[in-house]
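The first chain written gets the first letter, and so on, giving A, B, C and D; residue counts start at 1 in each chain.
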Amino acid sequence: MDKVWSSVEEAIADVEDGATIAVPGFFAAGVPRVLLRALIAKGVKGITLACGCGPLLGASEELAQLVKNKQLRKVIDSYGLYRSASKGMADPFEQAVRAGEIELEVYPMGTLAERYRAAGAGIPAFYTPTGAGSIVEESVITNIPENRRKKETKVIDGEKYVLEYALKTDFAFIHAYSGDREGNLRYKMTARNFNHVMATAGKVTIAEVENLAVPGELAPDDIHTPGVYVQRVVKVPRLSFALTID
Amino acid sequence: MKFEGLPREMIAMRASQEIKDGDYVNLGIGIPTLISNWIEGKDIMLQSEIGMMKTGPLAFGDDVDQDLINASCQPVTQLPGTSYFDIFQSFSMIRGGYMDVIVMGALQVNGRGDYAGWSNPARGLDMVGNIGGSMDLCAGARKLFITMEHVTRDGQAKIVNELSYPATTKGKVKMVFTDLAVLEVTPQGLVLKEVYPGLTVEDIQSVTEPRLIVSPDLKEIEL
Amino acid sequence: MKFEGLPREMIAMRASQEIKDGDYVNLGIGIPTLISNWIEGKDIMLQSEIGMMKTGPLAFGDDVDQDLINASCQPVTQLPGTSYFDIFQSFSMIRGGYMDVIVMGALQVNGRGDYAGWSNPARGLDMVGNIGGSMDLCAGARKLFITMEHVTRDGQAKIVNELSYPATTKGKVKMVFTDLAVLEVTPQGLVLKEVYPGLTVEDIQSVTEPRLIVSPDLKEIEL
Amino acid sequence: MDKVWSSVEEAIADVEDGATIAVPGFFAAGVPRVLLRALIAKGVKGITLACGCGPLLGASEELAQLVKNKQLRKVIDSYGLYRSASKGMADPFEQAVRAGEIELEVYPMGTLAERYRAAGAGIPAFYTPTGAGSIVEESVITNIPENRRKKETKVIDGEKYVLEYALKTDFAFIHAYSGDREGNLRYKMTARNFNHVMATAGKVTIAEVENLAVPGELAPDDIHTPGVYVQRVVKVPRLSFALTID
């Protein structure tokens, strides 16, 4: 089954206003920047970006553009703000969060990883020790007070655990090093990070790949994401970018 | 009140002495990351929560690959025996208790092993902040160490009776390494084990809120 | 009462017609496995829950590798585009709803889409039996088909009003393919869509417990 | 850190009576038969073997020996019995189960996979759709009536789910195609099956490997089980065996 699309523009043509999109990447590594740029060009509004660890700090130009265009309704992340308060104060994204114009929902990183994984695995909810003893156990952490839904906890064998839910998204934008025409993907080194779990969490998963392979070219024992999770594949150029979040 | 003490590199060095051959270790951003400069020659596996085990030294020049960074977004290198894996696998081993030692920085610690490190309410962000992997690392830690300056830039105690910042975790901190002292969290309270040469127990107590228990083996910090 | 009908291979062939290009498919042990003989030339990806996507034909002779078997413990081959993965990944895609079509054998089916296939109490094993992957496959199935003989060896109905064997799943079966008929489970009940050439609606009803709804488009099974 | 032990006998020397051991393998593929044979030779009793899909049907000689020696207290599996009733009737393991001399605890396969994974991931419990609507949702399935503990269920978004718990074992016996001295492992084709999840579930994980590598020999992007999960590695010969469960 050939899943290759000829351009990112076509591949995201059905992303509509209000869509929730999983965006992998750990700071600068493994971020689907070509797809993000297509999203900016398309101009859809009211978007929720479901992240894992600061891909929008790594792709800071794209973030600035998304904020400037008022395309974002909400960002979900574990590390979405500049570390330095002074830099944050000057940052348009952080200003929009402070003003309540963009919602920022925050989870521990491992909880987010597991929420995406659970979504792909048909697991609706799970208990985790992470966040017990912090305000994370009490409610969803968000800058929008009316969205602070209470969380459930349960004591198992004398320890307290927090109930967290699967996080399924309308789309997942994926960045892979290699992909074949049937959607089998391989990632390179630490650019793998959230890409696999998010590929399983998206109802429609669109992979930008630096190298396009024919089926059989990727060794079957070494495929990181089986093609069943991937609906669309687009070949993109390898971008060069700065490794920084400051 | 501020005393002269160890520079940050030396806090890291003192903490590194508690890490042993064969340990799997994750180091947080800041002073903890400096520990990696002090473990050469030891058989220690550094995990980066981005999805890498056996992280090598920082990369420079031609060795930089934008697909190989550590959890602080710094280019790094790989070693013989390095492995890469995806993020849920990374946090499986973190939360699953496979890290022997976790070292984190902190804004505040108390005598019951609670610490705060992820959010400074003064930033005015109405509850949100950068949790990152810190809470997962604490949840799974076999030994959780804190490395930090003993007091804030303006001389306020960071070892406090009650956290005023949101907690990262509760009851998990085992040892605290500062520029002035080495302390251990015990069921009885905070035990002062080592002091910076020239300082007295009273000096340390004067910049520490909880009542300190003085170790019978109290000594000067040795590096 | 027993009627002459399709041989097992032809039940499999009829079911194979409901599988389309691009479908990801998992086939249970027994008649479902025979479907793999009828999909050559179609662009269908067979998953084996052992941890393989795009399972190739059975292996013979020198092509047999003891590290490459399907979920029925038969040696198989790989194809261009095959991938291997571990068991939790395999069941993630199964339970997560990524299989377009699941085909299972059954001991009993009823008109509400419940079926029983994992345990025959007559074996006297006090509740335990071989669940295998069947319940997970049902939990995640987009379309769940049953292929089976219409009646037991001694002529008892297998399409029943109430299951007497322990259920594998409830309310999930969409279509039933037997040697005598093709039936669809609808909110109104069991619809008879196709019959084996020469048999009447009354013949099928006589070996089927639930009251059948006869499709306005009722026809003979075509292969 | 060199984790290589010189023999399976030494590597399992601290397995004591009453231990719970995870045994991977899917019927005949990927079963740690050399370690199982060492367990038979050692003769420890009261053992619980935590399986996934019938490795003891694949390793039928080893199972027969374990039953004959009365070493087994309990087996956990999704598919632990011969398919054919007539063959089962004649099988000493099934006879011992029927007599209540060995406990057989049964779960859906995907639930077992997830229980081992959860144990390695620090997740104490999770909800799954699997088994809802069957007797699996009501209690643990076992031939020993007094061990049929009730299960909890929860309705999430209108669907009923079953709560299942992590399954941690004292030991995990693993069979890998290649392993390096630091415990990094690779499996071959469908012999991977339960090996990785069980490697993460064992408190002490012992891997028999057909090929022993030096660190760096296995490509870092292609390691299936990072060495952190593996405490002991032993080189073993590649056995030949029949592919059959009948």
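What we mean here is this: contacts are C-beta pairs under 8 Å (C-beta built on N, C-alpha and C of every residue); 3 or more make two chains touch, one makes a residue touch a chain.
Worth saying up front: this structure is predicted, and the values here are computed from it rather than measured.
Novice: What chain lies farthest away from subunit A once each centre is taken as the mean of the Cα atoms?
Specialist: C
Novice: Rounded to a whole Å, what is the gap between the Cα centroids of subunit C and subunit D?
Specialist: So the centroids are 28 Å from each other.
Novice: Hey, how far is the Cα centre of subunit A from the one of subunit D, in Å?
Specialist: 34
Novice: Note the residues in subunit A that touch 2 or more other chains, in rising order.
Specialist: Where subunit A meets two or more other chains at a single residue, that happens at 114, 117, 121-123, 128-129, 187-189, 192, 220-221.
Novice: Enumerate the residues of subunit B that touch no fewer than two other chains.
Specialist: If we look for residues of subunit B contacting two or more partner chains, we find 78, 84-85, 88, 91, 94-95, 139-140.
Novice: When you check every pair of chains, which ones turn out to touch?
Specialist: A-B, A-C, A-D, B-D, C-D
Novice: Flag every residue of subunit D that touches subunit B in the complex, lowest number first.
Specialist: Where subunit D meets subunit B, its residues are 1, 117, 119-123, 180, 182, 184, 200, 214-216, 220-221, 223, 226-229.
Novice: In their complex, what parts of subunit C are in touch with subunit A?
Specialist: 21-22, 24, 43, 45, 47, 53-54, 78-85, 88-89, 91-98, 139-140
Novice: Report the residues of subunit A in contact with subunit D in the complex, numbered from low to high.
Specialist: 114, 118, 121-129, 154, 156-157, 159, 161, 165, 186-189, 192, 220-222
Novice: Enumerate the contact residues on subunit A facing subunit B in the complex.
Specialist: Contact set of subunit A toward subunit B: 26-30, 52-53, 58, 78-81, 83, 85, 88, 94, 97-98, 104-111, 113-114, 116-117, 128-136, 141-143, 145, 177, 187-197, 224, 240-241, 243-245.
Novice: Any idea which subunit C residues touch subunit D in the complex?
Specialist: For this pair, the touching residues of subunit C are 29, 48-52, 64-71, 73-75, 78, 84-88, 90-91, 94-95, 114, 120, 122-136, 139-140, 166-171.
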